[in-house]
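You will see subunit A twice below: alongside subunit B first, and alongside subunit C after that.
Coming up: the complex of A and B.
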C-alpha cells in the first residue's frame, strides 16, 4: 500500500475520483485470471506478458508498480502536445477535457513515476499560469459568463473559483446588511434567497 | 469488477449538492460488498492452489503474484470507497441535527438508511445531554444564534399552520399569514423548519 492511500485524504471524495483516472501500463509479467476483465480485447482468462492496457490509477500505484509487475507510461493528458499548448497560453487550454482532476492526478503520477521532477514542474507552471485569471474571474465575472468559464476548468479549479465567488457574495450581503436574515434550512428544498 | 461500482457510489455522493442528502443507495452498496467477496475468493483460490504445489510459495509464478496483488488492491479500493461514502453521509446526518432540530421531517428521514437514523438519534442524544441542564450539561442551546444577534426580538411572518406551540412560556397558535415579533432564539428553529419566515426590518 502506498503512503498516500492512508493519508489525510483517505475519505476525500475528490481524491478518490482523481485516482479513477486511467494510466497506460505495460505488463511485464502475465497475470492469472484477469485477462477479460482488464483488457476488453483479450480472449483468454490470463493476461499475457507485454500487453498494454489502461488501468485506473489506484490499481497501478501500489504493489503493481512497486514490485515491477507493470511499467507505467505517461498518460495522454501529460504528453508533449499538451505541454506545448499550455506553454503557448495556459489560460485558454481546456484542462477539463484532458482530465477533470488534472492536478491531483498529476501529483500522484509523479510519485508513481519515481518522483518525476519534470512533471512536477509542469504542473506548477500550469497552475501558476492560470491562477491569476481564475482569481480575477471568480471575483468579477458576471453571472452569465460563469458557465462558459467553468467549462475549461478542472474540478480543483472550480472549487477555488466557487470559493472566490462565495466570498464576494458574502461581502455584498454584508455591505447591504442582508447577512443577519435567517433562512429556511436548505435541505428542505427551497434554494436560499441571495 | 475492479472498483467500477465503488467509484460510481463515490461519484453519486460527490455530485450531490452539499446542502442536499441523496437517498441511501443500499443496492449499490451491497453490490460493492458482493464484488469484494468475489475478489477475496479469487485470492483464496490462488493461494490454496499455490500452497498445494510442491515448490510452495517460494516457487510461485509471478503471474499468480500479480493476480493476488490486483485483487488485493481492488479490495482495499472498495473498502476506501465504502468508508468514504459512509463518512460523507455521516457528516451530513450530523449537520441535519443542527439545521432541523431533534425530529427529522418524513421526507428527509426516508432518505437515510436504518443505521443512519440510529446515528442521528445517538448524536441527538449526545448533543442534547451536552447542551442540557443535567450534571454534564452546559445549559445553553448551541444550535441557535448562528448569526450574531442585534435585537432580542425579530419580526416574522407565519408561512404555514404548525398547531399550538409554546412560545415565551405561553401556549399560542400561530395563524398563517400573520406577522409577529418573536423571541429570536425561539423563532430561529421555526424559520429553519420553514414554519416562519424572517422579515427584514
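Coming up: the complex of A and C.
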C-alpha cells in the first residue's frame, strides 16, 4: 500500500466512514485474547484457526492481512449476483442496500485484495452506468420523486445529486426574484391581543 | 413590500441620493466591488453573486438630466447631458432608470433579429456553442426586471432569451452525458457565466468520482506475479487508457 494511496483519502470523510464497513475474513492462525472482542458469537477468549469473522475494514488492512494472519474474502455486496444485477441495468439497482459507501468501500477493498483490477473496473463501470441517470435526475427530477430516487443511491451519489439539485434550485429561485423582495416578518402581521 | 433590485443595491443606493451633489464618489467606488467577489462558500457562486458580477458590464443609456462626469475606480463615466447617449455600468443604469433619470438602450445582442439568428445557429450546429454575451442570462433578467418599457417587443425578446437558454441548456446536458471514464472531459466552449456556474457543483464532483475510480495504483511487479488470479485477470486492462501520471 503506497503512501499516496493513503494520503489521497486522508481527509475524505466518506473514505473514513467507508472503513467502518465490515469484511468477512478467515483466520489462518489462531489468536489469543481477542475472541470476545472480535466475534460476538464466540464464548471463548481465543479465536481458533479457520474461524470466519466479519471485521471492520480498517482492521483488516495493514498487518493483519499483509502478514497472512487472515484471508480477506469478498464481501456480499461485491459478489457475482450483484455484479450480474448491475450489468443488467445499473440504474435501478439499490446500491444503498448493499453498502452506503459502495465506491469508497470497493476502492479500499481493491487495495486489500492485492490491487484487484477486476473489482476496480467493476466499480468504474457501475458508476459510469449510473452517471447518466444521476445527471438527468439531479437536474430535472420533480420534488416528489426525490425521496424515492435517493433511496437507491449510495451516500456518495447523493452528495453529487444534491450538488446538482441545489444549483438548479438556487437558479430557479433567483429567476423568480423572490430573494430580492422584502417581506414583512410574520410576527408583525399578527393581531395584537389586548 | 419593497422591491430592491439586488442585495448590493442598498450599498449603492447612497450613490445617487443627492444627484448633483459633490462628495459621493469615494463612498460608491469603494464599497460594492471587492467585498463579495470571492464569497464562494463551496467553490461556486450563488446566482445572485453571478448577477452582481454582471452588473459591472457596460450599457448605453440616454439620460434626461445634466451632470458632470463621475469618477470611479473602474473609470470615468459621463458626463451626462439630456438626450446624449453615454455608457455606464449596468448597476448605475438600473439606479438611474428606477428614478426615471434615463432610458436604457437595448444591447444589440438582445434585439429580436439577433436573438432569432443566434437560436437558429445554435440549433443548426449541435456540436458547438455560439459565442453569446458572457452574462446574457443575468443582463436580460436585469433589464426585464427594471427596464421593460425600454425594450421593443419585450414579450418576444423575453421568449427568445428563454428559448436560447433552453436550447443551450439542452446541449450542455448532452455534452455532460458523453462523459465517461474513457473520455473524462466534455467540450463546452463559449458557455456563459451563469451556465458554467449552474453545472459546476455537479460536474466537478462527478468528474472527481470518475477520476477516483479510474485511478489505478501502480504496484510492484513482483507482488503481482506472486499471486496469479488476484490481479490482471480477464480482459479488463484494455480499458485502462487513462493512467495517473506519476
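Keep in mind that, in the parts below, the second predicted complex is superposed on the first by the 164 of 194 C-alpha atoms of A that agree within 3 Å, B and C clash if a C-alpha of one lies under 4 Å from a C-alpha of the other, contacts with A are read in each partner's own complex, and residues count from 1 in each chain.
Quick note on the criterion: a residue touches a chain if its C-beta (ideal position, glycine included) is under 8 Å from a C-beta of that chain, and two chains touch if they have at least 3 such contacts.
Computed from a predicted model, the values in this text were never measured in an experiment.
**Student:** Please indicate which partner A:29 is in contact with in the superposed arrangement: first for subunit B, second for subunit C, both, or neither.
**Tutor:** In the superposition, A:29 touches subunit B alone.
**Student:** Quick check for you: in the superposed arrangement, does A:14 touch first (subunit B), second (subunit C), both or neither?
**Tutor:** Only subunit B is touched by A:14; subunit C is not.
**Student:** Considering only the touch criterion stated at the top, classify A:160 as touching first (subunit B), second (subunit C), both, or neither.
**Tutor:** So A:160 only meets subunit C here.
**Student:** Considering only the touch criterion stated at the top, classify A:139 as touching first (subunit B), second (subunit C), both, or neither.
**Tutor:** Second partner only, subunit C.
**Student:** Could you look at A:169 and tell me whether it touches subunit B, subunit C, both or neither (first, second, both, neither)?
**Tutor:** neither
**Student:** Could you say whether A:38 touches subunit B, subunit C, both of them, or neither, answering first, second, both or neither?
**Tutor:** Only subunit B is touched by A:38; subunit C is not.
**Student:** Answer with first, second, both or neither: which of subunit B and subunit C does A:184 touch in the superposed model?
**Tutor:** Touch partners of A:184: subunit B and subunit C.
**Student:** Quick check for you: in the superposed arrangement, does A:118 touch first (subunit B), second (subunit C), both or neither?
**Tutor:** A:118: touches subunit C, not subunit B.
**Student:** Does any part of subunit A touch subunit B in one structure and subunit C in the other, and if so which residues?
**Tutor:** Residues common to the subunit A contacts of subunit C and of subunit B are 5, 179-184, listed in rising order.
**Student:** Given the complex with subunit A, which residues does subunit C contribute to the contact?
**Tutor:** My answer: residues 1-7, 44, 46-48, 51, 141, 145, 173, 176-177, 179-181, 194, 197-202, 205-206, 209-210, 212-214, 216-219, 223-224, 227, 230-234, 236-237, 239-240.
**Student:** What residues of subunit A sit close enough to touch subunit B in their complex?
**Tutor:** Against subunit B, the touching part of subunit A is residues 1, 5, 10-14, 16-17, 20, 27, 29-34, 37-38, 46, 56, 58-59, 62-64, 67, 69, 178-188, 190.
**Student:** If you look only at subunit B, which of its residues touch subunit A in the complex?
**Tutor:** Where subunit B meets subunit A, its residues are 1-3, 7, 10-11, 13-14, 19-21, 42, 46, 61-67, 69-70, 72-74, 76-77, 80-81, 83-84, 87-88, 96, 99-100, 105, 108, 147-148, 150, 154, 187-188, 191-194, 197-198, 200.
**Student:** So in the complex, the part of subunit A that touches subunit C is made up of which residues?
**Tutor:** Where subunit A meets subunit C, its residues are 2, 5, 8, 103, 107, 110-111, 113-118, 120-121, 123-124, 127-128, 131-132, 134-136, 138-139, 156, 159-160, 163-164, 166-168, 170-171, 173-175, 177, 179-184.
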